[in-house]
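Report on one structure; see the data block that follows.
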Amino acid sequence: MLENIYKFAAETGFANITFKEGIMILVACFLFYLAIKKKYEPLLLLPISFGLLLANLPLTGLMHNELFAKGQVDIIEIVQKGGLLDFLYLGVKLGIYPPLIFIGVGAMTDFGPLIANPKSLLLGAASQFGIYFTFIGALFLGFTLKEAGATGIIGGADGPTAIFLASKLAPHLLGPIAVAAYSYMALVPIIQPPIMKALTTKEERTVKMEQLRSVSKLEKILFPIVVSIFVILLIPASAALIGSLMLGNLMRESGVVDRLVNTIQNSLTNIVTILLGLTVGATANAESFLSLSTIKIIVLGLLAFAVGTVAGVLFGKLMYKLSGGKVNPLIGAAGVSAVPMAARVVQKVGREENPNNFLLMHAMGPNVAGVIGSAVAAGTLLSLLG
Amino acid sequence: MNILINGLQVTVIGIGVVFLVLFVLSLILELFKVLFYKEEKLKIKENINVDQQIKTSVSQKSQVQEVAAISAVMATLIKDDECIVNIRRVK
Amino acid sequence: MLENIYKFAAETGFANITFKEGIMILVACFLFYLAIKKKYEPLLLLPISFGLLLANLPLTGLMHNELFAKGQVDIIEIVQKGGLLDFLYLGVKLGIYPPLIFIGVGAMTDFGPLIANPKSLLLGAASQFGIYFTFIGALFLGFTLKEAGATGIIGGADGPTAIFLASKLAPHLLGPIAVAAYSYMALVPIIQPPIMKALTTKEERTVKMEQLRSVSKLEKILFPIVVSIFVILLIPASAALIGSLMLGNLMRESGVVDRLVNTIQNSLTNIVTILLGLTVGATANAESFLSLSTIKIIVLGLLAFAVGTVAGVLFGKLMYKLSGGKVNPLIGAAGVSAVPMAARVVQKVGREENPNNFLLMHAMGPNVAGVIGSAVAAGTLLSLLG
Amino acid sequence: MNILINGLQVTVIGIGVVFLVLFVLSLILELFKVLFYKEEKLKIKENINVDQQIKTSVSQKSQVQEVAAISAVMATLIKDDECIVNIRRVK
Amino acid sequence: MLENIYKFAAETGFANITFKEGIMILVACFLFYLAIKKKYEPLLLLPISFGLLLANLPLTGLMHNELFAKGQVDIIEIVQKGGLLDFLYLGVKLGIYPPLIFIGVGAMTDFGPLIANPKSLLLGAASQFGIYFTFIGALFLGFTLKEAGATGIIGGADGPTAIFLASKLAPHLLGPIAVAAYSYMALVPIIQPPIMKALTTKEERTVKMEQLRSVSKLEKILFPIVVSIFVILLIPASAALIGSLMLGNLMRESGVVDRLVNTIQNSLTNIVTILLGLTVGATANAESFLSLSTIKIIVLGLLAFAVGTVAGVLFGKLMYKLSGGKVNPLIGAAGVSAVPMAARVVQKVGREENPNNFLLMHAMGPNVAGVIGSAVAAGTLLSLLG
Amino acid sequence: MNILINGLQVTVIGIGVVFLVLFVLSLILELFKVLFYKEEKLKIKENINVDQQIKTSVSQKSQVQEVAAISAVMATLIKDDECIVNIRRVK
């Protein structure tokens, strides 16, 4: 009897918890604080934190990162030995959840401001420079090519894209990359304004831009079709992300499948978001998370956002020059994506100079262009490194 | 050292491809404008349309943004000397 | 460096697209036109078209039809080599999506008009003649028995049933069969009226039918239970379709699980519809779609709808005779199912003769009977040929 | 030729089974009527019931159908000399 | 030709149905009656009954219990030979559905009354005595340890917990255990009042309790975090249930992810409920269901509810004594969980003595404590017997 | 016999663990009260709060419960001599 009690006690988490796991529980609590109190992208960060918590309580059998450590997914072993979070994690590992969420993103995005101002696309392109700068930086810090690619994509400022690429290139870094990506997205209002102000003159920041032209329904319908065909033909590896994004957008703009669009925007996106967050968080086990890599990723991620902003604003200044002062360079900062946070930051910084200047719609162009830009960058990295 | 050279190549190709893709897309959109956009629509109609754009554009996220957008639209409208705006919560 | 750029270029879709794939992209665009501009069953046709587009952009790795070409599903290989659409396609291949949609159809269908007028069932039976006529026609055109069965089911005028059977009997023809089935369902208002008018006299078309009796809640609850037991006992192979349809209907009529019914009618049906359409479209690769078989299927599909309508109307005329002129033979045309389009066509043609004649409810009987009829026919074909 | 003979057999069995199943079901429904249906309900009540039937029957699909159904019901009602119909969108 | 017709007839269910299967169809109809007419937990019992019906119609190929009879799940064989219900049943077998539903339960539960009155937890603990009493009883009746554990958990009065544990410990008894658990939960208003009245004096039953203190948002947020960490550290095997429950509750109370909470409470819970019910019912094949075991389970299940109620009320009387008459012992009966039915029963019995006595909120404390209690008990049993 | 002894051991450990867990949780909640609860809130405020608690508490299930809860609240309010309660359906 006592023997049995002793045996039971020996199999509790209290008897088996490691120091590192204890730290991870505190990390989870800190992330809860950021998600709930600070409202840092809580839709993702709250499930991520809870997944991280569950994965670091010992002996639960919910998640076995080692089952996914091989090159290929061994479905037989996973089914036989896996736990709840292993099964749900298959949706990340097989690259299913991020495209499903991208269908939702597409169904919620209006590309009208981009169609009205095509030059926005160049700002969206320029901001992707942050990805590659970070990529090189990661190589310098000793990451492998794949790890560096997965780290660089944080600069895409786009959660599902980052998770998609990281799960393909460096699944062992998925946890810290996702946490960094979402945290910095939430920190955009703090990271960007000083950079934007430092790089621009008061004159530049007060530029009022011409009203955008109206965009017809036909254009909005053709846009996702044309983008899908052209981009996927050029970078086949971007098909899952670009295809999903444009499928969602086509359904939205077609106006003939509203009941599907409604479900996509709500039930589907929400369900997948929970499963994605929970399982991405669960990949962050103590051993891999509490390592030098994580600190590097946190530093590099901040760099990625900063450099992306710098590149966007500088390109904006170039367009300011070339257009004879018609383009407000601030809108370049929105090119990092982080939709719609970055566009709102542009609006806010613009109004600080001139309360009557409304840059939001002008910033939405580069903002949504940044989503396409980072999906293209992810596809390219996947194709070159995958 | 080899890895860095590889990395630089990836970077050059990567940035090149991103710019190529988005630049070609911008040309396509310029073509859209030529093909599908007619200037002659009235100014007022455009205003309404912009209003519409903003509304749908922000449907994506929370109230904060909405407030920003609404105030932007309101300011636009006030500037244009059109009054009596009936504001309701956009869903 | 240049070598790498060349290598990248050589791996783009532009460098690898075949002529047939180019044609398929145009086919996808034409289907977009039908779905969006012409509103041909857009809920299914839009996802189908997008799936077809994605599957025909080269080198994306989203869909590998060859993985499903073996007799049995090799889950290990699919998990290891598959892409996004392969994984989602498992829901079609394993016969999961169509029954789930049928739960939704059951939850949205009121069998009241059928219960009130049991003879409707015979009209629903007669219309299935189109299935078998087409089946024989397909054999004449050189199809195998299984291919002919899968083609014939287009005459059932019921999308999920057609997809369910085709995915079991002739998965390589799934794309064209689904496209044909949904296109002709959308074309019912064009296909049926000339046939209906040609086969009936003005006198027959002006028959006003007796008002339907009221149907009690108890009858509506017993109906799905009795149908399930009887039909599945007679044709076990129809269990997935009939069982799902009646489960949805029982939940609807029971009145005690409204929150489930609401979710079924909306979220569940919509999510599955998107996944079903997308992956069914993705089976349509250039090689198999741009073949003589597709043209045969298109011709035979039209034949199936036409013959089904003819058979329904002729049986309607028989009932007109036997009932001493109490049955309007037009309602026989609704027996093909294509709910509720065909019933509305009957209503419209009836009112053209006499603006005060309202046949809608009378046509709903044969209309929903046709759903049961084609599920029974599918089960029988599956059992005899599968 | 063999395949066609097979095909004809399948056809005969198939049509036979379809008619058998639906015919037996129609007999069962006739039995339902005998067991569960009582005539004595008032005419007006039935009218309302038909109205109800139409509404639920059409809940499935889009507005077009709804319009058809509503006009059908309205016509029925008008014919029956009942006036003052209050039409609202059915959800 | 005649030969083929004969062959077809020989393959119908009518030609193959066994006597026991016939009985099972009647059992299904009786369960329909309970679910629809008597409204016994119809959300679960209706899908369960339909699953039971489908699984007992012969030759449908929908469900193959033998595929799951091995120790481990053989995914290859299931994919190759399985039917619709086999595929959907994987969600039960792999322990996925019950935790998903528990996320929903967490998202719908307010632990406020429990936080306001911590002593409620002891009443929730006492009621679990029913589980262990039944466990011993089942051993006496010849069940194995695992079977006895699965049977005992009926006393937890919590459907998902019972299904979760039974599917792990004794999947062959899953059908009768689920039916018993949900039926007795529905019968709580009949089972409990006589016991409650027999064990208490009129004086005890008329005790009015002090109003509960208010509970701050911070406490409600900390509660699920603290419970997760503490309980899972002590009983790692309870992680799936407790973790899910507390994840749902944390999302609910955080107030920052309302759109996720809304989807969880509706779409997600409803979809999983249907799939869970349908497939749990489908495990009840004639051979296993129509056996002495089922009768034993029905008897033991009733015992479990009764003993749980007795233990709760007796512990309530103890608290009545110790508190100097401040605690109404009736609220102990709510400790069995069966949320919120048991709490309502307490309210009703209390008002029978004194129409001005409102015990509902006081009973909600033990009621939700019972959910935690039985999840803890299930985890312990899983850890000791699994 | 062996199985029964095993069973009794499981029972003892099981009940022990359940009580241990829930007892410790109750201590933690007592700690919550010490740490986070301040008495000085007004009586009326509490009343409203209880009302709130009941509403959210019952969001989970159907009307029957709602009715019970609402009557409970009403009775409380009436007892406290506060009048004019505006009852609406809680969604």
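Note that the chains are named A, B, C, D, E and F in the order they appear, and that numbering of residues resets to 1 at the start of each chain.
One rule holds for everything that comes next: a residue touches a chain if its C-beta (ideal position, glycine included) is under 8 Å from a C-beta of that chain, and two chains touch if they have at least 3 such contacts.
Since the model is a prediction, treat every value here as computed from it, not as a measurement.
Chemist: Return the chains common to the contact lists of chain B and chain E.
Modeler: A, C
Chemist: What are the mutual neighbours of chain A and chain D in this structure?
Modeler: The common neighbours are C, E.
Chemist: Quick check on the contact network: minimum steps from chain B to chain D?
Modeler: Between chain B and chain D, the shortest chain-hopping route counts 2.
Chemist: Weigh E-F against D-E on C-beta contact pairs and write down the one with more.
Modeler: Between D-E and E-F, contacts are more numerous in E-F.
Chemist: Provide the C-alpha centroid distance between chain C and chain D, rounded to the nearest whole angstrom.
Modeler: About 20 Å separates the centre of chain C from that of chain D.
Chemist: In angstrom, rounded to a whole number, how far apart do the mean CA points of chain A and chain E lie?
Modeler: So the centre of chain A lies 39 Å away from the centre of chain E.
Chemist: Give, as an integer number of Å, the spacing between the C-alpha centres of chain F and chain B.
Modeler: Chain centres of chain B and chain F, defined by C-alpha means, are spaced 50 Å apart.
Chemist: What are the residues of chain B that contact at least two other chains?
Modeler: Those would be 13, 17.
Chemist: Going by the touch rule set out above, which residues of chain C reach two or more other chains?
Modeler: Each of 8, 75-76, 234-235, 266-267, 384 in chain C touches at least two other chains.
Chemist: Can you identify all of the chain pairs that touch?
Modeler: So, checking each combination of chains, I get A-B, A-C, A-E, A-F, B-C, C-D, C-E, D-E, E-F as the touching pairs.
Chemist: Flag every residue of chain D that touches chain E in the complex, lowest number first.
Modeler: 9, 12-13, 16-17
Chemist: Which residues of chain A touch chain F in the complex?
Modeler: For chain A paired with chain F, touching residues are 1, 4-5, 8.
Chemist: Please output the residues of chain E touching chain C within their complex, sorted ascending.
Modeler: 8, 11-14, 17, 25, 29, 32, 35-36, 39, 42-43, 46-47, 50, 53-54, 57-62, 75-76, 79-80, 82-84, 87-88, 266-267, 270-271, 273-274, 278
Chemist: Mind listing the chain E positions that touch chain A in their complex?
Modeler: Listed in rising order, the residues of chain E that touch chain A are 72-73, 75-76, 94-96, 99, 103, 221, 225, 228-229, 232-237, 239-240, 243, 247, 250-251, 254-257, 259-260, 262-264, 266-268, 383-384.
Chemist: Chain E touches which residues of chain F in the complex?
Modeler: It comes out as residues 3-4, 6-8, 10-11, 13-15, 17-30, 32-33, 36-37, 41, 45-46, 49-50, 53-54, 56-61, 64-65, 68-69, 72, 75-76, 79.
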